[in-house]
Amino acid sequence: MQANSFDVIRIPTNGPGDVSGLMALIDAGALDPSSIVAVLGKTEGNGGVNDFTREYAVAALCNALSSHLRLTPREVEARIAFVMSGGTEGVLSPHITVFTRSRTPERVGANPGQKRLSIGIAHTRDFLPEEIGRDAQIEETTKAVEAAMRDASIEAVSDVHFVQIKCPLLTSERVQHAAVRGETVITASGYASMGYSRGASAIGVAKALGEIGAEVAESQGLKDWALYSSVASCSAGIELMHNVVILIGNSRFPSSPFKIGHAVMRDAIDLPAVMQALQSVGLSAIDMQSQNRLVNILAEAEASPDGPIRGLRHTMLEDSDINATRHARAAVGGLIGGVSGTGAVYVSGGAEHQGPAGGGPVAVIARV
Amino acid sequence: MQANSFDVIRIPTNGPGDVSGLMALIDAGALDPSSIVAVLGKTEGNGGVNDFTREYAVAALCNALSSHLRLTPREVEARIAFVMSGGTEGVLSPHITVFTRSRTPERVGANPGQKRLSIGIAHTRDFLPEEIGRDAQIEETTKAVEAAMRDASIEAVSDVHFVQIKCPLLTSERVQHAAVRGETVITASGYASMGYSRGASAIGVAKALGEIGAEVAESQGLKDWALYSSVASCSAGIELMHNVVILIGNSRFPSSPFKIGHAVMRDAIDLPAVMQALQSVGLSAIDMQSQNRLVNILAEAEASPDGPIRGLRHTMLEDSDINATRHARAAVGGLIGGVSGTGAVYVSGGAEHQGPAGGGPVAVIARV
Amino acid sequence: MQANSFDVIRIPTNGPGDVSGLMALIDAGALDPSSIVAVLGKTEGNGGVNDFTREYAVAALCNALSSHLRLTPREVEARIAFVMSGGTEGVLSPHITVFTRSRTPERVGANPGQKRLSIGIAHTRDFLPEEIGRDAQIEETTKAVEAAMRDASIEAVSDVHFVQIKCPLLTSERVQHAAVRGETVITASGYASMGYSRGASAIGVAKALGEIGAEVAESQGLKDWALYSSVASCSAGIELMHNVVILIGNSRFPSSPFKIGHAVMRDAIDLPAVMQALQSVGLSAIDMQSQNRLVNILAEAEASPDGPIRGLRHTMLEDSDINATRHARAAVGGLIGGVSGTGAVYVSGGAEHQGPAGGGPVAVIARV
Amino acid sequence: MQANSFDVIRIPTNGPGDVSGLMALIDAGALDPSSIVAVLGKTEGNGGVNDFTREYAVAALCNALSSHLRLTPREVEARIAFVMSGGTEGVLSPHITVFTRSRTPERVGANPGQKRLSIGIAHTRDFLPEEIGRDAQIEETTKAVEAAMRDASIEAVSDVHFVQIKCPLLTSERVQHAAVRGETVITASGYASMGYSRGASAIGVAKALGEIGAEVAESQGLKDWALYSSVASCSAGIELMHNVVILIGNSRFPSSPFKIGHAVMRDAIDLPAVMQALQSVGLSAIDMQSQNRLVNILAEAEASPDGPIRGLRHTMLEDSDINATRHARAAVGGLIGGVSGTGAVYVSGGAEHQGPAGGGPVAVIARV
């Protein structure tokens, strides 16, 4: 059995349509386009329903990779797992993180006792509008996470440190499509549907990883906040109707120079959790030298859904000018940016059932 | 000579018109309303031109204190220095900080060698619209800061740790008033005028404290970012036409159980500067126990005006949906909230000439 | 039986706290403060959950009228029906419309065969958070509308042309208050709760006026858009927990120099309906001379909830930067402003069950 | 000499990346892709600096037309004049208007005495950041408008009814690029630069058409509002560094079944001007039957820059949550949508020197 070798490359972008950084690496021979398995990006839209920077970024990447891969743009999109998270509020800096996987001639067990970063990918089938936020989405996500774990050659759920999901949302048109067929959707609000879709997806992850029982169902979505996954990160977008799963963990099989670890922020100001996540891969918030080994921090941010943070009122949920997800990304991005010394970190918004209410997972990828 | 005794009390609010917390303290005898010299607040508006939560909060406080002080609301406003900073983005929590000053029977030098927190207040005259952002505003601010320093019995400029300024802005009407008289204002944009007003005020502070030379003039405002005050914090509002100065430092005269210290953030993710400010008054970011002695953190946030933060692009200045000041407050509020373990900190936005470009002062008030 | 005489005065404001126009009229003897029964205003906030300009405007008016009426501000608020609608998007101009009622020495039937403008006022009791948007709110509103009709001496429902309701909304705190008592609210989203509250209130109006059957219940709220009142206008605000009703129509009893008429816009671009409303009181959109007799236009605006307008997609419901109510007020305000030649018209947003889906009532008050 | 034949087709879009409507017409043989000279679109972004829907729409169209025209996407963009105006606030509906030109076998003067719609296209060279809003942009635009007039075979300036300009804006990066070379830009604010760029472009149009004297220069830009073009419509975007000119008028040469006419709105509520523009091509606002002949209405909207509209205060310029251009588009879109019975009209925002201050041109294209 041959081992996989993984690479993780963070590339700043000048706009949602900017592919120049990736193309330069390919042109320079530093990155083989056929080895790309996933691209995780932060784009500079509003992160809401009408954030078209996500689909624009994916379209630009698919067009650019099309000739290199001798595939149509649509085939590129089917082959690589693209997850763009909209919203670079505050100090957050637009960028993409490219994950590659290639076969190596090394034998299994090249680094005995040393688990290294591994990635697995999977998709669900397309959902009908009325399935979004409901049991169908939960169940299909569970299956896809299990498939992604196998794809990553990760044997124990404790070795899974970040499961990124891209999931669909409802638009007026999709609601109408369901209505025409006599079906009712979970909510008529496009913005609210993003939360239901993220929540169902996260519950699906938690079931796959045994974090919650198999009996948990859609009725508990966005209600019972005690149910959550410690590693799920879900981002909803207008540009797809299925769930994409990118699962990242450590495995004893691959020969990568990377490790991943994680911690769980219990609220949006949980500095110790961010420091603990850094320490889990041997980094320190204070020692700036260690930051050279930092590849990226992946985190989920959300406004505490039941009001206060440590007993003090926040105003994110009452703001009719700026959506709560934008507030939360800006705040958590400021904290993580301060700790890591860079704004090019992946902070995604809307953490329903992704970590405890008001908190969320924070994972760190570091060079060994 | 009698010494002054100062008290600093942080009170959460339930809305911009909420005075119940302050009234409860007065009713309980815990706070003598006649000793109030200044109120520094964070209100939950947008912090922009049309943020009426600032004037609403001041009106509510003046109305509520009116009967206790046997003064009309207008007289209350003239007697107490009110500075409301709009914008509680992200984890920031609306609150007011009340500063009181009372004469004590103790002799001068009650705490020899131990400087303690002291506060001084001053106002400038009302400005004409065409004076905002210009030399007249700079010069009057310089005089007012000098007066506030005397009022605080602070002898050395190195003992001044925070100078909060409330300054006016331009509206369409004010621009027209100037035009009718044949005068030209510095900008016709209300939002842009907030920056010019804050910038001129900060230059006025820097001149008073000898941080920059007496020759610096309006022409360098919002241009030469090397000119700045390390302790100025300026907030513009629609509700006044003059500058209000609240100067906070340490003095050998008063007998207060508080100290203040400060550091300068060189950019919006300068975690070490926040930690250094805490350490300057004997607190620690890591040791949560020490946080019981924390009274408040006062900081200025801004988007780096020349684009990147540590070489990476931010998008705050290009966002036509959310003003850059809101982004910056959310991000710096997230960082300081994480370090201090609370969202009830005073983070104000728009730090033109208040600290280096993209950074700003951060002061900490602690119980000794 | 003595007749009532009504006056309707439209006063521009310079800000939410500006009462100078009203005070000038009182000081000049042109308006007897004790005759004020209702004030209907447009304030310049965002019209959403955190729009504090509404409560600020009411507070300023109550404070200012307090000494004239020899009442506390709280007693003024209980005596006069204040309804502030937030949001002056586009060409809309902040203003208040003051309605006065005074006894006249004339006998009943002073203007035989000529019905004239009459106003009636009523309040419901305070609602619990869990009652908002539900049957309790519907039923109490129905009773209050019946009481207001009697108060206005209007005998036939066909003589009722505008029923303005101010109703409460949910905040995170109110949701928590219900949860603590084991009660569930209709939605945890503050912005969404505004729609439910307006919808239940409008259904209550429709029941009182016989526009829909007595069997209609909360389960049809925000679902069955065929159920609506042609004259209801509902505005939700954070500043109250009960419903305020201002009912305006024509009656044979009063001796007012005013008439009111209305039409129903079937969508947001229904120019003929606006012209028909003008014609119902003898005005014309084209003849600008007739506009001197115009006192105000009162209308409800909303984004078509099922997507398109006349078959063409609008984007109001998908916009995560600007709430749909703001879009709708701006657009309908532009249309009505164009037809009436003034931006000082009362266009309120969020017309759930107030006119057909996507449309709303439009009433015109004119001098005879 | 052969005559040109023009076609004008309005196509609704389902999103900024949606090209399906245009592709369906091409596939059905109803539209020859090689005849396309210009595409004028409304996309659903915020219309501000960070509105990427404009460049995304152009990229999608260029990609889609690439294979039909056997050109690279970049060559398609150079061949066809694309102008996307961001912002479909209120009732405005996203759509594109495609203009085609083809040679016909008919002789010159096929419709003697009957001028018909004709279109001309031109580009300027790329501008340096420091040239935006300045004389270089004015002069190059003047030359390009003259070239476009020749391209359209329009002999008299009175036959020019609409000149659409797409012009660049400044970003932080572009400001830095100028600074590195020691050059100063007209404003460091991206949003403000959009106004300067539109203003200089409109002055360039006015000079080309003899509406203002040749001596007018950059120093009067955004200052002397008495200087304006009655037919210029300018839209700024991040996606280009040159000006694109699409000039539309009537000419005696072409054999098109279309006419264009225009009027000038003197403010944002100028209903009579809109009606006059309709009447100039034989349509009526009241007679809905005539609306079948309407192809599109092209208009410019802006917030009155000196404050009030007909003496009443508007709040568009003071709103720190929604930019004034968004307010203005929503309001004027509501008015024009009401008059024309459709939201698929081209209302662009920011009318500096495009019509009188606070007003703007309104042109109507109709089938003969």
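Some points to look at:
Letters A, B, C and D name the chains as they come in the text, with residue numbers starting at 1 for each one.
Note that a residue touches a chain if its C-beta (ideal position, glycine included) is under 8 Å from a C-beta of that chain, and two chains touch if they have at least 3 such contacts.
All values derive from a computational prediction rather than experimental measurement.
Comparing chain pairs B-D and C-D, the larger number of C-beta contacts belongs to C-D. Over half of the residue numbers at the interface between copies subunit B and subunit C are found on both sides, making the touching surfaces mostly the same.
Most remote from subunit C, judged by the distance between CA-atom centroids, is A. Between the CA-based centres of subunit B and subunit D the separation comes to 46 Å, rounded to the whole angstrom. The geometric centre of subunit C is 39 Å away from that of subunit D, both derived from CA atoms. Each of residues 14, 44, 46, 50, 173, 313, 315, 318, 321 in subunit B touches at least two other chains. Residues of subunit B touching subunit A in their complex: 12, 14, 44, 46, 88-95, 268-272, 274, 285-286, 309-310, 312-316, 318, 321-322, 326-328, 330-335, 337-339, 341-344.
Against subunit A, in their complex, subunit C makes its touches with residues 46-51, 171-173, 175-176, 179, 188-192, 305-307, 313, 315, 317-321, 323.
Against subunit C, in their complex, subunit B makes its touches with residues 14-17, 44-45, 50, 52-53, 55-56, 59-60, 63, 173, 238, 321.
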